[in-house]
Each structure stands twice: as structure tokens, then as C-alpha cells.
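The data blocks that follow each hold one structure.
One chain, chain A, appears in both complexes that follow, with chain B as partner in the first and chain C in the second.
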Partner chain A sequence: MTQTRSSSVTNFDSWKHAYAARAANLSVSEVRALFSVVSRPEVVSLAGGMPDVSALDGALIEEAFNSMMASRRNYALQYGGGQGDLRLREQIQEIMLLDGVQGSVDDIMITTGSQHALELLADLFLDAGDVVMVEAPSYVGAVGIFRHKEAHIEHVFTDEDGISPEALAEAADRMTAAGKKVKLLYLVPNFANPSGVTLSAERRQQVLQVCKERGILIIEDNPYGLLYFENQPPKALRAFDSEGVVYLGSFSKILSPGLRVGYVLAPPAIRDKLILANESAILSPATFAQMLVSEYLSISDWKGQIDRYRNLYREKRDAALEALEQYLPRVQTTKPNGGFFLWLTLPQGLNSKEMLPLAVTELVAYTPGTAFYGDGRGANNIRVCYSHPTAENVKVGIKRLSKVINLQLDLLDTFRAE
Partner chain B sequence: MSLRVLILAGGISHERDVSLKSGRRVADALIDAGAEVEIREPDGDLIGHLIASRPDVVWSTLHGAVGEDGTIQSLLELAGIPFVGSDGAAATLAWNKPTAKTILRRHGIQTPDSISLPRATFRELNAESVLAMVGTQLGFPLIVKPAESGSAQGVTKVENASGFAKAMVDAFVYCDTVLIEKFVSGTELAISVVDLGFGPRTLPAVEVEVETGSFGYNERYSPGETTYYVPARLTPGVAERASEVALTAHTALRLRHLSRIDLIVDHEGTPWFLEANVTPGMTETSLFPQAVLADGSDLAESYLAIAQAALRS
Partner chain C sequence: MTQTRSSSVTNFDSWKHAYAARAANLSVSEVRALFSVVSRPEVVSLAGGMPDVSALDGALIEEAFNSMMASRRNYALQYGGGQGDLRLREQIQEIMLLDGVQGSVDDIMITTGSQHALELLADLFLDAGDVVMVEAPSYVGAVGIFRHKEAHIEHVFTDEDGISPEALAEAADRMTAAGKKVKLLYLVPNFANPSGVTLSAERRQQVLQVCKERGILIIEDNPYGLLYFENQPPKALRAFDSEGVVYLGSFSKILSPGLRVGYVLAPPAIRDKLILANESAILSPATFAQMLVSEYLSISDWKGQIDRYRNLYREKRDAALEALEQYLPRVQTTKPNGGFFLWLTLPQGLNSKEMLPLAVTELVAYTPGTAFYGDGRGANNIRVCYSHPTAENVKVGIKRLSKVINLQLDLLDTFRAE
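Let's look at the complex of A and B:
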């Protein structure tokens, strides 16, 4: 067909030619769009890894706020240093001790949530094509960062005792033999996101040894360690190696994610670069939020609050496991001793991403397993987050999920399609 | 006094995100035009709020069922509140793609051969033999899509028998009935129709050119993924035929105020009707606002004129 009068042409992005190649990894998706329904009260969301902040004593936060405004107002409203507030860093020392981690206040840097620390570290260490070893499955936010850095994400076999040291050594050696630079091991050793599993004490030592021998830096991300139900998890990896481990912590799960305060404990050389990178990216972490956290830690029984969270999440975990046993006996699940997550393995042939629209119709949301892999695996898995809905709604959500799974099984059976 | 418009956006449908974006875009334009605008989610308080506040006009940008299947329109009719867009009966017919195709075929409009099959059919009959027969009779490639859904969700182009069953499963997760349609190769067009009370008229056709070959969700809503030509690169004769088909579709389906008719023009220049949208998307990459702008109009003035037309209806 010929053009008879001049057409205007648009693709709604005048800068398509100008983006960095890595921006190709940033695009909208149907799954993300489907998650939009999560904000509706009719939908039970087992999707987002959100703490139940309704269990937080609002009066305590108010008191901390008032105290901060009375005593440190001008400081709280001003720029701060790139490393973060000294008093808060001292308080963080005390918190880290609960996980067996001792570190100098000089080696702690405050970040905008620990996600920000991970972004800074990935930026410091990863060139395109470098290898980062992760659990199988791994935290979606980490997979996203590593993918954006164009790193090679190598998932290492993980079971109920956490990542396998033998598989880690084998994968690292295989990558090295293939001419790749294996730079980092990223781990959530306690009540991992998304699997809920905890790395055993024995394996912690073996993982440290494997990485030390091969010059692989460990990033130990520990947002859930204090939220244990029955037994406290083994000491952090950082407790045994101050040079080979960068330790990430966060107030998002033990206080509130809205404050966006996290921290990183790093060996001095890395710390110096992190501070410069932090200043370059954001000048300084939010002083206001740091002061508020600091005041909260000063005036409140914050350990008591963590106990309240632990009891609450234990109750919800129990509700989830009970509902799974009742409604989805064919589905395998991990049984975490803390944290927020269950990792489900569905009957063969089911694809959790493809059945998500059906779940939305049935008013339940979850995160498909593929989100937690950088290599397309996980289609047969679902992450269930039980932390945010009430225990009763966790049960309702799993009941609805069972309907979705049965409908999809019926559909697959009808079409014998996989 | 300025026009008081209540915009409905969001909902629990698969297209909630698109709906929210559409609602905000319409709201921005109407506010620019001087209207008094409130955006609201459909929820348990909606009916009470409508009756208490009695807006001059309701403009629903709700996509998916409830928003497009005639439900919300019928309720507004019952409440006696003017609203933008087609009435409940018309929306119900247009929303169901097989029904709309049947009606338009009776009006002499070409639409690809197709069959719509409910899920229950496949349970009762042998799915494999049903698909084999459909594949043989219609011939590949085929388009498999939910009979009632939007934003290209659950739509697959099936090149041969091997991907047929999977495509059916993907469509059935959105809707209990699936439309299997013969694929027509050609130029993909969206023709918007506006009726301000003086008879429907078409706006310049928007031609969609997709690098990936499929105008799916990502291509529709990610800026930069799709190239649009406005007006479409058609000869005057073909452009006129396409425009006539769009007008006939709008009229035959008894649509009102605004619609978007999606067509394919084949290599011989024949326009084929694909579907009618009673609540066209209004996002920053949507086809209806592109057509309004290509018509030389301003979004604010045009949307206000549509809302005023609804008030007079």
C-alpha cells in the first residue's frame, strides 16, 4: 500500500536510541500489571514480602518522633554524612551481636534499605559477564540487580540445609575453567527469601572455606535472622570471617520498611569505596529516618517488639502449613523455622506464572517461582508469603489457591498440555 | 458552573493497571478543560456515593468484565445517571467478541472465520480431536484469544498444531470461552469513532507496527516497543473502506459516544473486523488519544465535548 499523505510516526519513546544496553532489562510485564490488584481488599495477597506493621506499637513511633523533634530536630532535618549517623551505627553494633556479629562502628555504613547496599556492592564488583553465585532459588531483588549489571547469575543447588558447598565449589570451578570471573556469592542464610530454608552451621563453615580458597567475596544478607520461631539460627557467616564476608542488615523486617533504613558491615577497604559510592549516589542516607530509628531504639523495648513479631509470624506460618495440609496435600512445601516465606513445589506440569490470571480471578495473589531465578527455572514453584495477611486470611488465600491449582490441573488434563 | 465528572477506574480485573492509567489521563484532560473531576474505584460504597453525590456525568475507564460487559452501564442507567459510552445492552454485545462478530457479519462486514468454544466442550468431547478438526477446517495460522478480555492478555498466534493446546490453556485462564480465529495477514489498524450527538464519525486510523510481530501486552504499554503511524499508510480508497467498516461496526453494535474498532487490512486492501472496544484504553500509549490528536483536536476539549454529549444523551 502506498502512503498518500504524510503520516506522523511515533513509538512514544524519543530516547530509545540513547539508552544503555542494560536498560533493555527494564520492561513492563503482564505479571507486574496483574499485581496491581493486590491493593484491593478483596484480594488475599500471598505475594509481596511485607511485614505486618499493624503489630507495631504506633504510640512508640510517635514517642520516638516527638523525642527526635524535641532534641535533634535541626540535625534530623539537615544533610548527614555519607556513612550515616554515628549513634545509630553504635546501636546497630548491639543488634548485630544478636546474630553473633562483632564489627567496628567505623566499618558500618547506613543505606536506604539493604537493597541499596546490594546495589552499591554489585556496582563496585560486577562487570558485564562476571559471575555471581546465588542460591536456587534466590531473592528476586538481588536477581534483578545482578541482571541489570549484566552479570552471569549462577544458581547453586540448595536443599533444606541451604546452599550445597560441594555444588558451590563445583560450579565455581566450572565457571572459572570456562574463563569467567567468579566474583561474588550472594546468600540469605537465615529463613531465606524465597525458600524459607536456613543454612546449617556445618555448611556455613564449608561455604566460607570454599569461597576463601577461590577468592569469592560473600555477601551475607540477613534481614530475617532475628525472626526465628523455634530455634535461633546458627551464628552469621560474618561472625567467623571479617575479611571475606560483607554483611547486610535491615530495619525493614524488625521495625518498618517504610523508613528505608538498612546497613552494611564491610572490611575497611570495601567500606571506604562503599562510602564514596553512597555519597556519589545519594549524598547521604536520609537523616530523618535514621534519627527516628535511633530514637526508637533508645526509648523502646525493641527486643520485645521483635518477640511480638516472632509470635505473630509463627502463628501465621502455622496457619499456612495447616491450610496447605488441608487444601493442597499434593503440593510440597518447605517448613521454615522463621521469616516470611514458604516455597511450594506444584504437581508436575503446572506453570505458576501462566495460572496467575486465574488466581487474580479467584482473588488470591502469589509470586511465581520464575521471579526467583535468573535462568528461567521455577515455573513449577510458588512463593507464599504469610507475613502480611491475618492468619485467617492466610488460610482463605491458600484455600483459594487450591481452587486455582485444581482448575489449572483440570485444564491441563483436558488439553494434555504442558 | 463546571461539569462534575466522576471517573471510575481500577477494579479487580486483569486490566486494573491499564484502567488506573486510563482514568488518570482522562481526569488530567478534563481538569485541563475546567471540569470538576473525582476519580473513584468501584467498591462497596460506590452505589451509595453515586446516589448521594449525583455527578453530572460518570466516565468509566474500567477495563475487563464489570467495566466493559455492560454491568456498570446497566447500573448507571438504572440510577438515572448520565455516563460516557455505550449503554448496557450494547456493551454486553460488543464485549463478547464472538457475538460482535456474528452481528457484524450479518451487516455484511468481513470478519475472519472463527469458532468460539466454552471450556465445558473440551471436557465432554475429546479435546485433541476437537482441536484437530478446528485446525483442519480453519487452517493455520490461527489466533486463539479469550472470548471476553482485553489488552491482548491470553492471546496467542498459533502457527501449527503443536502449539494449539498450550494456547488454549493460556486463553482459558482469562475466560471460560475461547475464540479461535483464522489469522489474517496485513496491516493492523485501530479506528476510533466519536459521536457527540450529531452522528458518529471516524478519527484518523492508527496503524500499528510491532517489531516482535505481535501486538501483545508489553508492546501495547511499553513506550518504545511499537511504532504507530497516524494516519495509517493506506491508499485513499482503502482508508475509506476501513473507515466505513468502523462506522458500520459502531452503528450496527449500537455503540455510543466513543468506541475503538480494531481491524486488519489484508494485502488486497480488504478490511477485516476483529473486535470493538466500548471502553478504549486512554493511557499515554493508547490508540484512542493518538487518533484524537491526529484529528487536530486537543485532548482536553475533545474529552470535555464527549462528557457534555453524555450529559445531553
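Let's look at the complex of A and C:
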């Protein structure tokens, strides 16, 4: 008899007695499994939220590299300061202005992708049991970080206009009455991951008010804001409140995630602590990647590149929505005005997590809705990411998905009829 | 009356009530202050532990970049897996073999410099109050991380042959008897930062034994091992124990710290958890930097480059020791056989931290010994880093330092005579 070996299961762990309490909250990332699926060329992946970097003009990166090596070689190869390069921070000021955000260059810190900004913030604010409020559903990477900090994750009702201010106030007051400390609200207000919805201008003011009244710090995560398809989204929450909002941005979606360059704009006292935490964790953000981004911004038509991305992703979203209408009329979907994601609601009785292996057999991958909740919800939801495959393959993928879903629906109908 | 403004002091912090307990342990890094001093060209800095990247052949980086853009452009620009690139991990296997370390490619993980490996390990193992044993003195960046985790940092007696196994056993047993959990031993066994000393072959076996008997995990941090001047250091501790040692390496000193690429080799169960923690913190290590390092290793004579570094740093160490003998005969120094650092012991009565402003006035900077202790010791020690200035400037710096020290000694002698 042969034995199947799985490294995680069969490894005897002689250090089990030694782990910190928080280590118990490290769970296997659904993202990791997805990366290995994605790498098989025959699978159309609607799973991982990856930009289409093939649409980036390689010549621009080469020019940026050559310019950097000619003018700032030794600087780029050396350690830098924990806050990040000053010129890049000035350039980021300009980018944030497109979102209505005015911030001092002193209050910006460069991070290893905006994921690490989120990690540093969570580490700074969350003791075990503290409450962080998030959208329902919320970004899987944020949920993972908050869980790792042993926080209580409270999902707040969210609809096509974003998170509900009334539900937010109600949940915060309920948690406070139960003796918990409500510390943070984490939001992706524009073309949210995973739902694709955008928080309305009116609700932004209400959310700011709810949090201000209760002393809750808002983390506004905005990786997708510049990738709008029709209308620009409303101004950032940070545009109206510099003291109550920490704003996160990233070059991962408008340039390249392989560089791992993001940033955070924070009130001065928080910024001071973030710099110390950044230095403690990694000494200094990668100077080389920062310089490359900085040269890219200074020599290229980066706004033109963003326009190219916007057109490309609009085309892919259209392909996804058309295919859904054609092949999956019984499935509900959000209709995002930008970004990478659609959020599907399956007919009652279907389970997206259980269905995933069948989908992979049909050579299509997606992320089950449960990944975006800290509380087990989302079983009849699917996140579709249309950003990475070609528009043609987005359609192929959804057609394959429809085969799996429709078969499940047929089975369900048969059972119900009996 | 004009007021001096210091951003950290005058910023009113409206979020003071909201920080996590561990945030109180974020202290202002002495490293940060040093970076701003370093950037003034008239100052000879013997402070920050920076490699001399001007000795790196820029053409090799350009070749590596061009090769990467030609063959793996889209891969380099995209997100990667949390463990890091497979080919780079294979290349790292080869590098570790130079240190006597045989490890499976499955057990290597790429990190954002080895600093982040240390952060992830500390987060994985240290609850508040847990004990981590370190050399006396120990690496400032490690001390900072352990303090941030609210650990008890226990400095163990260390001499020219490295940490003392007897003192290690005694301290561990004393801590255990006091009801504390002794979780980790953190070591830089080769050309230690800051002392420059190397753990002898005999003591390596004894240290392994002491830790094995007591269930203490060893973190072996080896950024300088390949930069030896005369004889290669003894084999790594990890070469003799794959279950009890986690081994850290880095490209910061043999290639470039601006790329932020390091690695960790860990027993499988720990490695599994580290990958999850890495994904949680940063999603994936920077693919772009990994590919650049990987191409560099595959197309260049990287061992020849390391030889160039070794010759260069040997020359600088010699310059430092000569200058010390000439200008500061009353100051004791370690005599390292590799790496970047000398550890000076000043005559009784001098305080290296109080003396630093005077030194900067004389246009020389160093790191006070107190930075390398978690318990206030080190006031009459100085770390001299000779790696970054030219050999000529190393001498100039030590001559300037002697002016400050000798003036202090004269003052002291005068007071004593009176």
C-alpha cells in the first residue's frame, strides 16, 4: 500500500511547545493554493487578483532602469531611510492629489506593498480581542492580518453603495456595549476587493461622522481608485479628514506588484510610530525598487499608462458581464465601475468552496466567497477577477464556470423535484 | 522667544488611547539618526553597517537586468508565491553549501532582507515575557525586534571566542527556575555585529548541546560568513543540526542591501508557518528583486565578486587597526577576521553616547555601545564600522575620533589628579 505524503501533515513538529499564542491564527492562505493553480497554462484563472502586466510598456521600465543606473546607482543599491525616498514621496503627493488627497511629504511612508502598511498598522493598534470593523465581504489579505493579531473581525452590512453607515454605528455601539474596544474601520472604498462596489459620496461623509463620534480610526485602502471605467469615484475619505483617516496606496495595480512598492499617509504621531515599526521589521524599504518607480514616474507618461490599463480592464469587465448574462443568467453579479473584481451570488443551495475542485477539473479557477469573511459566511458567493486573463479567456472561463454551476443547479432541481 | 520644534514631541496624538500594548516598545532607532548623519559628505561615518556598493561591478547588474527583461519580464513584474522563486532557492542551496549547510530547497524561504526573517520568527515564537538569549553585545536590529515583541532579552557573556556555553547554560537554567519560558537563542556566529568576534568550532558544538538539552531553538544569523579575511570560519551550527537551528542568510553584504533579498532555512513545520506569516505580512517577496539576484548569480562570476569584497574589507580593517594603534593606544579593540566591525572598549570613565555629539562636531560618527544592549550596558563601548568609507577615510575618521577621546581622557586625568 502506498502512502500519500503531505508535507504539512506528516512533518512532526518538535517545536510545537514553543510557538507564541498568535501563531495559532496563521491559517493556510487560500491565495497560496491559487497561485499554483494559476501557473498551469491550461487553466483560465479568475482567482488571484493579479494585474495584467503584459500591458505595461517594457521599454519604459528599461529606460527607468538605465536612467537610475546612470544617475543614482550607488544610492539605489544601498540601504535607505526607514521612511523611504524623499523624491518618491513628493511624486506620491502628486498621485494622491488625483484622489483629492492633500498630504505633507513628511507624513508619507513607503512600504513593501500596501499589504505591509496594513500589517504595521494592525500591529500598532490591535491587542488580542480588539474590534476591527470591515466590509461584508472584505479583502482576504486584511482579514488574514487581523486574524493573526487575534482581533475580533466584525463584518458590517454592505450593498451596492458600499458599507452602511447605520449598520456601522449599530455594530460599533453593540461591540462597545459588550465591553470591547472598537479600534479600527478597514475600508476599500473604490471598486472594492472582492465586491467591486464603491462607497457613495454621501455615505463617505456619514462614515466619517460615525467614526469621528466614536474615536474609531479609519484605514482607507485605495489600490484601485485610478482604474475607473466611466466616472471617477468620489473624493477619498482622507480628503475630508486628515486626523481620522490613514490612507494606503500602491504601485501594484498601476505599475507592477513584483516591485512591492506601496505607501501610507498617516497623522504625524501615527506616522512616527509606523516609521519605527517599518525600521524594526525590514530596516528600510527597498531603495532599488523605490528608485525604479521614481525614475519611471519622472521620465514616462505614467498617466497615459494608467489610461491604457483603464481601457484594458474596462474591456475585460465588459467581457465578463456579457458572458455572465449569456451563460449564467441565474447568477447575480455586482457591476463595478472600475478595478478588478465581480462578486457573484449563486442561487440558494450551491456551495462555492465545495464546487471549486469541479471547476478546476473544467479548467477554470475562482476564489470562493468564504475567503472574504472571518466568520464562515460567503459560501454561496464567488469572486471573479477579470484583470489577468485576456478578454477572450475571461469569456472562456465564465463559460466553463457555467458548465459547473448549471450542472449543480440541474442536480439541485432534480433533488428538489423528487 | 523662538521655539524649537521637534515633530515627535510637539505632535499632539489624538490616537494615544488606541495603541496596542506592544506599541510602547517601539523606541527611536539609533540607526535612523545615523542615516541622516551619514548623508552629510563632510562627516566620516564609522556608524551604519553599510557595504561598499561602489565596489560592485555595475555592468553585472545591467547584464542581469537585461537578461531578466528578455527572458522573464512578466514573471518579474507580477506577484509571486509566498515562499519565493524556486530557481533562486536552488541557487541559495549552493551558497549555503559554502558554509557547510545542506538544506532542502523546500525548506528555504525568501525574505525582505534577513531582518524580516528575524521579525517573522520573533512573531512566531515570542509571547510577552518569553526569554530570548543573545550575545553581549548583540545586533541592534535584533534587540529592537525582540523588545517590540515584549520579550525578556538576556545578554550572555561573550569573549573573543564568541558566546560562552557555560554562561549560556547558567542563564537559561536561571531563567527557567524563575518561571520564564526560554524560547530562543539568537546568534551571529561569524564576525558578529557589533563585536566582530567569531564563535569557535569547539564552542559551536557546546552551544548546540546546551540548547538541545533545554529545547531552545537557535537562530543562526550569518550575513558576513563569506566575507572572511584570512581563514574561513568554522562550519555553521546548522551544518550539525537541521532540527534545532534556523539559519538566516542575506544578499545585502555580498551583493546589495538596496534589493532587500534575504533568506531563511528552517525545519519543515516552522517553514510552513513562516510562509503563512510572510504571505500575511507582504503577500509575496518582491519577484523583481528575486529575479535580478537570480540572473546575477546565473550569469556573473559572483564568487569573484565576493573575493573582491573580501580584499577590499581586509584592507579597510587593516587601515582601522593601524590607525587605532597609532592614534588610540589606550583603547582596546577586537581583531576580527572578517566582516564589517570593530568593538572598542574605552578607558574607564568615558561615555560613548555622551561623547557622540562632540565626535560629530569633529566630523566623525560611530554607534555607541548602548545600542547593542537591551539593558543599558555598553556605555564605554563603541562600534566602529570600517566597511563603507575608503581605507584612507577610515584612518581620517579614527584620527578625528582620537582627538575627541584624548581630550576626554585629558579632562579625566586632570580631574583625577586634583
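The working rule: the second predicted complex is superposed on the first by the 389 of 418 C-alpha atoms of A that agree within 3 Å, B and C clash if a C-alpha of one lies under 4 Å from a C-alpha of the other, contacts with A are read in each partner's own complex, and residues count from 1 in each chain.
Throughout what follows, a residue touches a chain if its C-beta (ideal position, glycine included) is under 8 Å from a C-beta of that chain, and two chains touch if they have at least 3 such contacts.
This one's a predicted model, so the numbers in the text were calculated from it and none came from an experiment.
*Asks:* Is A:13 touching the first partner chain B, the second partner chain C, both, or neither of them?
*Replies:* So A:13 meets both chain B and chain C here.
*Asks:* I'd like to know which partner A:363 touches here: chain B for first, chain C for second, both or neither.
*Replies:* first
*Asks:* Using the touch definition from the top, say if A:231 reaches chain B (first), chain C (second), both or neither.
*Replies:* After superposition on chain A, A:231 lies in contact with neither partner.
*Asks:* Could you say whether A:40 touches chain B, chain C, both of them, or neither, answering first, second, both or neither?
*Replies:* Touch status of A:40: first partner only.
*Asks:* Considering only touches as defined above, state whether A:412 meets chain B (first), chain C (second), both or neither.
*Replies:* The answer is first: A:412 touches chain B but not chain C.
*Asks:* Any idea whether chain B or chain C touches more of chain A?
*Replies:* C
*Asks:* When the two structures are overlaid on chain A, which partner does A:348 contact: first (chain B), second (chain C), both, or neither?
*Replies:* neither
*Asks:* By the touch definition above, which chain A residues appear in both interfaces, chain B in one complex and chain C in the other?
*Replies:* 7-8, 11-13, 16, 27-29, 32, 36
*Asks:* Would you pull the chain A residues touching chain B in the complex into a rising list?
*Replies:* Chain A residues touching chain B: 1-5, 7-13, 16, 27-30, 32-34, 36-37, 40, 42-43, 354-358, 360-361, 363, 408, 410-412, 414-418.
*Asks:* Touching residues of chain C toward chain A in the complex: what are they?
*Replies:* Per the touch definition, chain C meets chain A at residues 7-8, 11-23, 26-29, 31-32, 35-36, 48, 50-51, 53-54, 56, 58, 61-62, 65, 69, 73-82, 106, 112-113, 115-116, 119, 123-127, 130, 141, 144-145, 148-149, 181, 183, 215, 217, 243, 252, 256-260, 267-270, 272-273, 275-277, 279-289, 291-292.
*Asks:* Can you name the residues of chain B that touch chain A in the complex?
*Replies:* Per the stated touch rule, the residues are 10, 12-18, 20, 41, 119, 122-123, 127-128, 131, 153-154, 165-166, 168-170, 172-174, 187, 207, 217-218, 221-236, 238-239, 265, 269, 284-285, 290, 294.
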